[in-house]
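One chain, subunit A, links the two complexes that follow: it is found with subunit B in the first and with subunit C in the second.
And now, the complex of A and B:
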């Protein structure tokens, strides 16, 4: 925080390419001075605050296919990059098959902002605090990426390199995220701890997901994803392993939650202390895993 | 004040709809930034100090001036006059020294906000950083850096006592009885200390001012303001012009809460405008600037010692307050004074030693905020009351009822209190939360608690702060009321219309309020502060409406050859109870009435005037704080809450909030309740969430992402507002203020409920989930 505050956005050039190829080419040719944007809920704020000053903002949200939200009973859900969160929340198919995604989207900001905010935008910002990233991770999200050498797919779990850093190369545009069909009997939840009830960033966010899995010793597979407690969105594998190997009980979940707390590496910041965050990871992981377990029956 | 003859359908006491509701709800209301000024408009930005404390060695504006589009660059060199409300301790722009991060050192006017902003980067300022004062108790030490070496030379109000050669800009002393001898007689004594952090008003509309200076040097300023007249007075004085050469126009205000009282950024716009005559110059604060360059609520470090006898009767209090007044305390000195003379809270205490120090620090400028020192002071005091009650084995409600002020109780400052209904407020608030009955928690991981706190607050203002009003009528008999008070959401315009209608004898719907407030056309009003409008401006309106009524009745009486005593105005019709004649107001209020003999006319356009100023306020002794009538009156009341603490997270949920206040008379009960609910929510917000975090003088969360305020999702599931009416002898219909009082007892009511739920107490708010959880963890309440 300095004594200087900015009344308006810095100057930039707005670029609206007509095709994905054109967009990738432009972004690649202006690697250090161009940024793609979707809803703009993050990029404009950061530009006004003086943290970003791209020469070019490349509007990719109107490109072909970016606004598609499709569900296939065989293969799963594909969410185009420009699909805003309110559309996801309102989709009967997402509600029926991916309620966790709905719950995570609902926790983001306010209704007004969710008409602009997108899942892909949330992912590409690569903020450890991203509220929907956890749901996308535990649901096994796969990113569709268009670059100067054509398209490829990438597992979301391998996408994050650091705060604000991803595997994207200059010219890469994430066009969609695909979610495979979830297991037959599954359950998930997202617990967000903010400072107040509405529209805060998370001090800690805990996503838990579980399903019955006969190949595991415990008969269950659980996944846990943690927000705001490490440089990256964190999926502590210790938790998954512990709950796969031990019969599920209150004690096993208690221990898994303790492992989650140990696995995270939070910092002190203006939103909360590292000490509190570790405590909350333990308590809320226990609560989230218990809730999922109870629902699975 | 004798009531005028009022017809049965008097709108006073009725919850008439807000006069400004439609335009505000539809978006039609005009706010300052909506005003259009055409091509001549220039935009201002302010270069601010990046140091909490520094000498300004050199300022070079040449490069900024040379930037195309820049029309003027000003610095402190251009404006040598001091400015300030109670203590003239600040320049408009820093001259030799910067005293907080954000202190204005230069200003730019340019053809666009972007160019003005760019020009700031081209202004070169050389500083010599100095050691800052970051805590009020550190600031009073003899070896502390001295922030205002010229303190002894500043112009100061007669009731403020700065200590030259120190950082103490006011020391209020209260000495009553003998505290030292009293402690031995106490059966229970407690000592506690609290720290209350800085918070900010967070109005939805940030500060904005547009100033224009014409070729003759006359100034017009459009601004979102609680204080157009005080701004006229103070800015004119500072610039060395006459008050009549300065005109302030204030359109609709998007929230004030005290932050838009006095003068903060408005003088910057005017100063810059003097260098670009003919051009309106617009200065609007960013949200970030709003947090640390407009007024903040000053921090407080408070120490309490109090004792009672074995029956629970309070015997002594020794309270000491150190206010973190910030870089300039021109307004804050009077907050320290108000807390000083109110330091006992609403209780009768025979032996009192009170000290309230306003201390300069290198923090943002402290200023008025809803409650004016009372929420901060009561935050600790009302927790002490609970603890002392527990120590002597008394119920907290019984303890308060035993000790609270009753009609004719002796005040800590001497003199007697007027008729008050505080005891009734305490009992009704307690009843509303089923006091004494523990209700079960909603889940195994929750703990439930109840808490109560009482309060008092007087309007803190100069003894002779005045109001005035005029009332005129149109050909149709409908009424226009001129006032200088501002509607900042509290409903001032609505109750103005109600009072004028009731006094005059016309329907409420016939009354308009002449807005926007414009110092050229509106009658004088000191400031829209201190919860004083309903009472003070209300009296002026009643007087103006009575003046109109008398003119009309005298005219008609003469025309009908009757006594005015036999006439009345009912629903806009003059009637005679004697002859049963009647005539509508329309026409006669403009054109008068023909003489009965057909030769000539009587009367003429009717216009009434009225004013009000308290005339019986005595001073308080500088050494003892004693005086017969130190303030005009006190509004008192209580709040009670029921809450749950989540043992997993420490998060608090307020289940029910109850407010009971003695408002004398509710002119508009729904608006009174709206103030009680709004104050409760703002109080909850300050208790649970709000804290302007200052580290080494730098604000860490000067934005709405990390400075959280309560949203509609955070308010209690259930709120109850209880109106108690023990009439104020000099209030219109007996009314006294309620705007600020409703957030005064909220912090301690919640603190007491947290203690009831989980047995912990914290040094100060905000009672965040994190602080509660870690305190429970450290106390072994959770594992």
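And now, the complex of A and C:
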């Protein structure tokens, strides 16, 4: 019942392991032909388009602990890999302590897609356009990874190697992401430039986060993350350094936004030209950093 | 390719199905159960025509594997009306004149029902946000949004 414009999924084997160890072992034994999946919102599209043809799809979302969303007032927030984005948006604790994460999740596709979409899936897909990656980076996300040699943790900032490429080894499964408790007085925003207000992929995405930090010369620490303007989700450290060393003013933010624009290396594609993207990184970074600064007071 | 035996409840009736690994929930509903109210628009999770309730939450059924649904409770547009009574979202969509070609209608109805289940009196902005994943090329959305407001004022109905 499908035509060429509505391709069915190609053939594969659906595998449902019972334990994390079993899942890691299977993925490691079938390194080039098996993929883990959560909601499938990226992997199914890429399979239909012929970009991916795994022999095995390994469903890891029902494994122990994957659906936990826990907040501890001392240590912070832990989001299990299978926690869907609507749950994050609806969580009173995430709303209270990590509103930036809520804002980023709300910008993803539609309600019904977010019933399936997960933060960890968005991260592991490693698209430079990933909407929630910026928020996870500026909030200092730490990945919990289960592999054939046990579990380890990894800073999200060191996780991406290229478009679709991460440091994950065969058998590795990201089981959760942990966010430390944000500083007392902090503020963040995500500005997504798409063709429409909701639901589209970003042409440029700018995440800004800031807090008061007495050890910096300026008294503030700012972090900026940029989407869709480099092969990787980008955190230009020049911006952070500039705003840590210079008294915060409209001029300092203007210069930081120029540094952000210089740091990115966008491409021309169907959604926008490289030149347009660089201009918009400058404009939107200035807007986002100013918004965060004003909110911090 | 392997086949999987699953037990599901579809529109309040238990069903036992044997499904291949690559069959989507949408294909199972349309092709195995002949529930063709659920439409195949884009097969990419963008248009919302295939939206159904999976354990009470709306999903794009083209983006869910049938094999994942063992033990699940599924409601399609065919399951909204009960005891020969239309669901308020159906009644209101007819009254508001929100149906033109009808292809998006089943998905619109499911998303509207899901919205009213989680938020019985939504604002216009909340209605627009809830329907952002349901594309309609005919109506211009105005009457669809009116219909959800109308349905919210009707007597509650839980599906």
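By our rule, the second predicted complex is superposed on the first by the 291 of 297 C-alpha atoms of A that agree within 3 Å, B and C clash if a C-alpha of one lies under 4 Å from a C-alpha of the other, contacts with A are read in each partner's own complex, and residues count from 1 in each chain.
Assume a contact is a pair of C-beta atoms (placed from the backbone, for glycine too) under 8 Å apart; a residue touches a chain by one contact, two chains touch by 3 or more.
Owing to the predicted nature of the structure, the values given are computational and were not obtained by experimental measurement.
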item	value
Which superposed partner A:184 touches (first subunit B, second subunit C, both, neither)	neither
Touched partner set for A:215, first subunit B, second subunit C, both or neither	neither
First (subunit B), second (subunit C), both or neither touched by A:112	second
Subunit B versus subunit C as contact partner of A:74, first or second or both or neither	neither
Partner chain in contact with A:8 - subunit B first, subunit C second, else both or neither	both
Touching partner for A:40 - first (subunit B), second (subunit C), both, neither	second
Touching partner for A:32 - first (subunit B), second (subunit C), both, neither	neither
Touching partner for A:287 - first (subunit B), second (subunit C), both, neither	first
Subunit A residues contacted in one complex by subunit B, in the other by subunit C	1-2, 6-8, 11, 198-199
In the complex, subunit A residues that touch subunit C	1-2, 6-14, 16, 39-41, 44-45, 48, 57, 59, 86, 109-113, 115-116, 198-199
Complex contact set, residues of subunit B against subunit A	45, 48-50, 101-102, 113-114, 117, 120, 284, 286, 288-289, 648-649, 651, 688-689, 693, 698-702, 705-706, 708-714, 768-770, 773-774, 777
Residues on subunit C engaged by subunit A in the complex (per definition of touch)	1-2, 4, 21-24, 27, 30-31, 40, 42-46, 48, 51, 54, 57-60, 62-65, 67-68, 111, 114-115, 129-130, 132-134
Of subunit A, residues touching subunit B in the complex	1-8, 11, 193, 195-201, 203, 270-273, 275-276, 279-280, 283-284, 287
